[in-house]
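A, B, C and D label the chains in the order they appear, each numbered from 1.
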Amino acid sequence: MSDQVILRVAVKIIVPMILLYALYVQFHGDFGPGGGFQAGVIFAAGIILYGLVFGLRRAQKVFPTWVARLMAASGVLLYAGVGIASLLLGGRYLDYSVLAHDPHHGQHYGILLVELGVMITVCGVMITIFYFFAARGRETL
Amino acid sequence: MFIVATIAVVVAMTFAMVRALLGPTVYDRVLAVNMFGTKTVLLIAVLGFLTGRPDFLDLALLYALINFIGTLAVLKFFEYGDLGRRVDSEGEA
Amino acid sequence: MELFINFTLLALLAVTALGVLHVTNLFAAVMLAGIYSFLSAGLFTVMDAVDVAFTEAAVGAGISTVLMLATLALVGSKVTTPEFRIESISVKGRSRRPLLPIVVVVFTGGILAYGTLDMPGYGDPDNPVHQHVAPHYLEESGHEIGIPNVVTSVLASYRGYDTMGETTVVFTAAVGVMILLSALRRRDSYGEEAWGDEVIDDMDVGFKDAFGETMDPGLAGPEREGPEGGGG
Amino acid sequence: MGLFLDIVSWVLLLSGSFFAVVGALGVIRMPDLFTRLHAAGVTDTMGAGLILVGLMFQGGMSLVTVKLFMVLGFLWFSSPVSTYALSRATLASGQEPFWSEDMEIPDTARIPGMVYPVDATAEGD
């Protein structure tokens, strides 16, 4: 099989756009449709597209497995940590109003952090699952 | 006028689906699914104008970006039988 | 007009579902599942559930096709034909026809459809859903939370516990996949001398990087055979 | 001016709908995959393009138009690439298009390792 230049060039152009769009979905989620879960999935889809065309090994150089696993765990940790922080600041668990002087700002920070946690976890989980499945597939070849 | 466009898109979707159901080879089905994705992008865009809320365009944008991935995954699978390989010979083969 | 679109999309959805059942090639089923996802995203859009449609778009079109294909790579795309299954059942003694499942399914479906007759109409403001907390969310979200998208404020703030549980579930799913596939790999490694597969070695190296050098010797692959030239 | 824009957008929408339906019809009616690809290309370029440009006229100078423009850009970017990949994979799988008997296939268009019926007949002679 000769090399597929068209495919690789196209993917090189479109992957950054997908990643950028994931960030847009993440941070625009307060105003329009979208949020952490969708953004995480889209980000992971970008990495997966890269892996599909450039191969698993190169994708794992760009986005190492341990990073994906670390993300999967640390997102949940961030989410729970926001809850703990609001406990320590005198509120109830996951009550973001105490995170800042103004309850509105507190809610903003809280939602931002929580959505970030969701995105990090979902992205890490999706990429981890893809890596595992793709690696298994290679064994059966 | 959006109504005409909507109906046309829905009819095109139906045709694409007939091809997906009939499709003698798997590649016909891939083609049908790819076309179905494009038609969904159009449907969402037109629906946004039809109902007077063009905010739905984010969704159309997402489909336009993501539709590509499924198609590529399927094709790669058929050409190489697995998803983890690089798409040329110099990679790992 | 919206009725027409709804009906057409629902009819197409039903046809796709039947098609998924009908085709015996699992690749074709995956393709049709992709169409199913597109259709349901369209329906969600018509029903104004843009956030749900967004999720469907991202997951259905992007990830699930890839993951289903990856699964097919592991299990193969052959499906056992119904004739074969009937034979395998009749071997046990009584010759059973697949009539009973159909009767059960039709009966259950009929009961469910009958149950929907008592439900309030779609979008009816008298729905129980719209009576209790939903009005509060809609009216108070503006000055309690202060962000324009009510879905996000419900998801992340009012129902923060639920979302945290969901995130944990997603994380648990990843842990489950890792455990299942790692266990399979481990069993393989006892029997075989070498992996013959650098990719998995790479993954093990990543594992070591993340969690230190203390690894179960059964899990760790053999030494990597020098630097590979690929990837560049 | 508003009426003029409306008329332009109607014409674009109508012709786009026409191309979408015709292309979809072609996807059903065409005999093999490569000709079907051609028909699907009509819906992807003309159909989607005209409909989206028609919607742009309705959207006016706003963010909506920018988004429509991006959608159109991505569609016109990704759909030829996936058509290319699809036709390539189909060729590699051994399915052959309707070659005419004496058709010249240039070397740049050949896929290494694939046997073309034209060569087979030439060698046979």
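Following the convention adopted for this analysis, a contact is a pair of C-beta atoms (placed from the backbone, for glycine too) under 8 Å apart; a residue touches a chain by one contact, two chains touch by 3 or more.
Because the structure is a prediction, the values reported are computed rather than measured.
Chemist: Would you kindly say which chain has the C-alpha centre located farthest from the C-alpha centre of chain A?
Modeler: Comparing chain centres, D lies farthest from chain A.
Chemist: How big is the gap, in whole Å, between where the Cα atoms of chain B centre and where those of chain D centre?
Modeler: Each chain reduced to its C-alpha mean, chain B and chain D end up 13 Å apart.
Chemist: Indicate the whole-number Å distance between the mean C-alpha point of chain C and the mean C-alpha point of chain D.
Modeler: The computed centroid separation for chain C versus chain D comes out at 31 Å.
Chemist: Can you give the whole-Å distance between the Cα centres of chain A and chain C?
Modeler: That gives a centre separation of 18 Å.
Chemist: Could you give the separation in Å between the centres of chain B and chain C, each centre being the mean of its C-alpha atoms?
Modeler: 19
Chemist: Going by the contact rule already set, what residues in chain D reach two or more other chains?
Modeler: 74, 78, 81, 85, 88, 92
Chemist: Two or more other chains touching the same residue: where does that happen in chain A?
Modeler: If we look for residues of chain A contacting two or more partner chains, we find 1-2, 4, 7, 14, 17, 25, 32-34, 42, 45, 48, 52, 55-58, 133-135, 137-138, 140.
Chemist: What are the residue numbers in chain B that touch two or more other chains?
Modeler: If we look for residues of chain B contacting two or more partner chains, we find 7, 13-14, 30, 32, 55-56, 58-59, 61-62, 65-69, 72-73, 79, 81-84, 86, 90-92.
Chemist: Which of the chains touch, listed as pairs?
Modeler: A-B, A-C, A-D, B-C, B-D
Chemist: For the complex, give me every residue of chain D touching chain A.
Modeler: Chain D residues touching chain A: 74, 77-78, 81, 84-85, 88, 92, 111-113.
Chemist: Along chain B, where are the residues that touch chain D in the complex?
Modeler: By the definition above, chain B touches chain D via 1-2, 4-5, 7-9, 11-16, 18-19, 22, 25, 27-28, 30-32, 34-35, 38-39, 41-42, 45-46, 49, 54, 57-58, 60-61, 64-65, 67-68, 71-72, 75, 78-79.
Chemist: Can you name the residues of chain A that touch chain D in the complex?
Modeler: 1-2, 4, 6-7, 10, 13-14, 17
Chemist: Which bits of chain C are touching chain A when the two form their complex?
Modeler: Interface residues on the chain C side: 50-51, 53-55, 58-59, 62-63, 66-67, 70-71, 73-74, 144-149, 151-153, 155-157, 160-161, 163-164, 166-168, 170-171, 173-174, 177-178, 181-182, 184-185, 188, 197-200, 202-203, 206-207, 209-210, 228, 230-231.
Chemist: In the complex of these two chains, what residues of chain D are touching chain B?
Modeler: 9-10, 13-14, 16-18, 20-21, 23-25, 27-28, 33, 36-37, 40, 43-44, 47-48, 51-52, 54-55, 58-59, 64, 67-68, 70-71, 74-75, 78-79, 81-83, 85-86, 88-90, 92-93, 95
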